[in-house]
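Report on the structure given below.
Here the chain labels run A, B and C in written order, and each chain numbers its own residues starting at 1.
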Amino acid sequence: MDVSELKITAELANLNLMEEEFVSLGREVEKILDYFSKMMEADEGSLPAGTERCGANRIRPDEQIRDINPDVLLENAPELEDRFIVIPNVL
Amino acid sequence: MESLFKRWVILSDSTMRKKYEAYIKSTDAKIAAFLEFDVDRGLGLAAEVGKGGELEGVPFAVKDIIAVRGFRLTCGSKILENFVSPYTATAVEKLIAKGGVMVGKTNLDEFGMGSSTDNSALGKTNNPWDTERVCGGSSGGSAAAVAAGMVPFALGSDTGGSVRQPAAFCGVYGLKPTYGAVSRYGLVAYASSLEVIGVCARSVGIARTVFDIMKGQDEKDQSSLNSGTDAPEPEAGVIGVLGGNLGLDPAVDRAYRATIDFYRSKGFEIREINLSMADYYVPVYYTIATAEASANLARYTGIRYGYRPGYAENPEELTRKARSEGFGNEVKLRILLGTYVLRSGFQDQYYQRAQRLRQAIRADFDRAFTRADVILMPVFPTQAFLRGQGGLDQFQQKLADRFTTAANLAGLPALSFPAAVSDGLPAGMQFLAPAFGEARLFDIVRLYEEHFPCPQPPSCKPEWS
Amino acid sequence: MYQSFIGLEIHIQLLTETKVFCGCINRFGDEPNTNVCPVCMGYPGVLPALNGEAIHLSYIVARALNCTLSPQAVFERKNYFYPDMPKNYQISQFSSPLGRNGWIDLEYQGKKKRIRIHEIHLEEDAGKMIHAGDMSLLDYNRAGTPLLEIVTEPDMEAGEEAELLLQNFRRTIRYLGVCDGNMEEGSMRCDANVSINLEGKGLGRKVEIKNLNSSRFVRMALNYEIERQTENLDKGVKVIQETRLWNENRDVTEAMRTKESAHDYRYFPEPDLPPFIPGAEFLARVDKGLVELPEARRARFIADYGLNETAADFLINEKATADFYEEVLKSGAAPDTAASWLQFDVRKILNRGNQELAGSPLTAQRLAQLLSLLAENRIHGKIAKQVLEAVFAEDKDPARIIKEKGWEQMNSPAELAALVDKVLAANTKAADAVRAGDEKPLGFLMGQIMKETGGRAEPRLVQKLLKEKTG
């Protein structure tokens, strides 16, 4: 994987990487992807299609559950303004 | 059932409690299994609901990736270092409802990613058998706490071996239940389709009791399932074993043979089985696990909770800084990998292919279980390794997951157990059974336990009772 | 000559009690961050739990829009970062949405036309982010609201047609009771896409338009965009494939400022939710929720009740009105009379008081009673209108009002004849004029009689008597 691919990937993952991280993580990613290519050895025709899922049709009734006071959740927010959670946005 | 926990009914008696807390204090100074320890808070949770339950007064610990109300839920990460959970995981709630006292949260590899617990951003946990060595991971703190006699059992999570491997390294029992048998509600997600809450325990009986309390379908986890039947399991007669060169360290290899010999001597038929997909376990596991992790860990942005960077101009910078400063290297590596294998243009080659291989792996086990009732294999190719140069690097640790990841990929139950102590370190083996075959696992490992009980690390002597 | 291709992506919030994956109340307009819990706030360790009603309502829409149902509907994660999206992935459906290949029939410019539905899927709504100076404020009350997305094929040609489709669709979902279709409050939202190309050359480069907060804006934005793209092509300028925003102050579309970042949603199956397989029993329940849809009802009203199109359009527009109308007919009212009363007299009063028919003092039984009193000649038209007003004002049955107010019509020839004699005697000048052949004072005499009786005299009978006695 070249650096530009790593950059796009980091971008999608919302990670800022330092120069040295691009090198060290890049090397490690490379090594593992290389190892993943082992999966290509399997005979394609012998593989089943798609993803198997266990269970189906689990639903819950459309009824209110309120076992946690929302105020407790707001206390975890680093910054609040009235009941809004605040984030910086300098335009 | 009462005798199982008898010497662990500590917290109903103030004298015993004092001795117990003194023991924890002195022992954990060496082991550092706990990230947070607070008997009072644990008693507070139990007092509300747990009167008269079978775990009344019994302390237990929980890996710090499982939510317990009022306790921190750090996941071993800087990004959640100060986060306090407003709710309790279903599995823990069930234990508390039986009177169990959740005394503390144990250390782990950050977000469950690792095999040593050294990937924790919040401290290192030492192996009670040799403090120079790792305790295994990612549920290392839980395994170490049990091994050091600090709790009779501790919950962990097993995504690719994270309960069984540290249990093997520390010489305790480690159960990875069938996928869906125990609710994941409250287990912070690393790889949702692979993981399950498990237990590290002092004895097979304790593991069994804890599992029986925790199991069952939960309306908050729609991937959870009830086992099909309550009928007693027929006794296992045929044990499947692996042939060929397994690439094991000599001590582990010896232990594997000795375990096979033991069961043969007990009248079991030993049958070599061929798991044709074995070479693919690790790449398939890491492809799927990292893909799911890349989405599961996207919620940590410093907006609603958790680490927030000192300064940022806009939401995007805030998010990026929080994640880049808050996550450790191994987590970043896995997020990058997972993001990459899902990208359009690469998804077919990696993620989609891994999913199909996973199907083939399941089918392979279905076939294997027509020839054997249970499968016996090592947990890890080595015993607890040393830190630094003498140990395994991150990549070698991943390759060494080749015996544990199978159960996660196929959703099968597995129980690891101390099979020997050699060179002053325990060596662990594991049995795998068909889905919901936990009882079969407990029964067969119980036989071994009678012959070789849970070993005690020489340096740890619990003496409050 | 250019051809234009318009497709719509419509989102509707489903009318469930609670959110789609957690037990928080699904309600618009509450204090910020009050209807939130660890699940819809994206806390560590929580899991989604699918709301049965949300899935039920989704299938009602899929059936109503004639979709082919997937053997299993699979939830997937759509991955992208945005502050109002708590998990930074949206649980949606992608490779196996619940319905595909449906259609909506329209009558556009006098011709029947079928607009194909590409697919329909269930997903979760995001929260809201409000910009305020150098910060943004986040409210997660909306996060996790069940959202049904309906994607049409690019089968429309003009803004008017898209507007008609939206109105049609809105009426349908209101009939089905799955969504209130309020575009101002955002319970129904619409993005449009349009491309133009030389006739016969197939689709052109697609431009998406967002920020369309009413069906009128959808029409205006599309027509603006068709014009803009046509001008570009005429000048030999290539149309850029992009997303544009409708500026409702300036009535133009504007290119959306976007960051040059990679877009890749990396869909994969949601491991926390098993697939949903619609079984026979489930679908039988869904089909019970399928009411007669507005278009069918309109056709039936015209065919069975002999209504004209205007009356039919008016009556079927709201299901409540159409239901009310048919309830009134059950008691034997003449279809055209009942229709006309609803269309004019009742509507006038409702509009004046800014009221809805449902919940107003006028029940179907009361209107039926009023119409039957009128038909039986126990009151005449003018009094009937007064009675209707009184029903609204006093919330009483028409019969009771008539009785209390003594408004019942005077039908007795003897009684009326006496009255006519009395009025003629009192107004000799007018009476003589009529006798002399001048018909003009007849109206005046009539008025006098009505005045005497408080308007209760049966007018035709009075007329007859007057003529007899002056003839």
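As a convention for this text, a residue touches a chain if its C-beta (ideal position, glycine included) is under 8 Å from a C-beta of that chain, and two chains touch if they have at least 3 such contacts.
Owing to the predicted nature of the structure, the values given are computational and were not obtained by experimental measurement.
K.L.:
Measuring from CA centroids, which chain ends up nearest the centre of the complete protein set?
P.N.:
A
K.L.:
Go through A-C and A-B and name the pair with more C-beta contacts between its chains.
P.N.:
A-B
K.L.:
Could you give the separation in Å between the centres of subunit B and subunit C, each centre being the mean of its C-alpha atoms?
P.N.:
Centre-to-centre distance between subunit B and subunit C: 56 Å.
K.L.:
Measuring centre to centre with CA averages, how many angstrom lie between subunit A and subunit C?
P.N.:
Centre-to-centre distance between subunit A and subunit C: 41 Å.
K.L.:
Quick one: report the Å distance separating subunit A from subunit B, using the average Cα coordinate of each chain.
P.N.:
The computed centroid separation for subunit A versus subunit B comes out at 22 Å.
K.L.:
Can you list the subunit B residues in contact with two or more other chains?
P.N.:
83, 86-87, 219, 222-223, 294, 298, 301, 303-305, 315-316, 319, 339, 343
K.L.:
Spell out, as numbers or ranges, the residues of subunit A touching 2 or more other chains.
P.N.:
Counting only residues that touch two or more other chains, subunit A contributes 8, 12, 14, 51, 54-55, 58-60, 67-68, 73, 85, 87-90.
K.L.:
Among all residues of subunit C, which ones touch two or more of the remaining chains?
P.N.:
Touching at least two other chains: 38, 41, 43, 49-50, 79, 81, 83, 88, 136, 138, 140, 264, 266, 273-274.
K.L.:
Show me the residue ranges of subunit C that touch subunit B in the complex, using the header's touch definition.
P.N.:
38, 41-50, 77, 79, 81, 83, 86-89, 136, 138, 140, 264, 266, 268, 271-274
K.L.:
Could you please specify the touching residues of subunit B with respect to subunit A in the complex?
P.N.:
Of all residues in subunit B, those touching subunit A are 83-84, 86-87, 179-180, 219, 222-223, 225, 279-280, 282-284, 286-287, 294, 298, 301-306, 308, 312-316, 318-321, 323-324, 327, 329, 332-333, 335-337, 339-341, 343, 349-350, 353-360, 362-363, 394-395, 398-399, 411.
K.L.:
Within the complex, which stretch of subunit A touches subunit C?
P.N.:
Its residues touching subunit C are 8, 11-12, 14, 51, 53-68, 70, 73-74, 81-91.
K.L.:
Which part of subunit C faces subunit A closely enough to touch in the complex?
P.N.:
Those in contact with subunit A are residues 16-18, 22-25, 31-38, 41, 43, 49-55, 72, 74, 79, 81, 83, 88, 130-131, 134-140, 261-262, 264, 266, 269, 273-277, 279, 282.
K.L.:
Where on subunit A does subunit B make contact in their complex?
P.N.:
Interface residues on the subunit A side: 1, 5-6, 8-10, 12-17, 21, 24-25, 28-29, 31-33, 35-36, 38-42, 46-52, 54-55, 58-60, 67-68, 72-73, 76-79, 85, 87-90.
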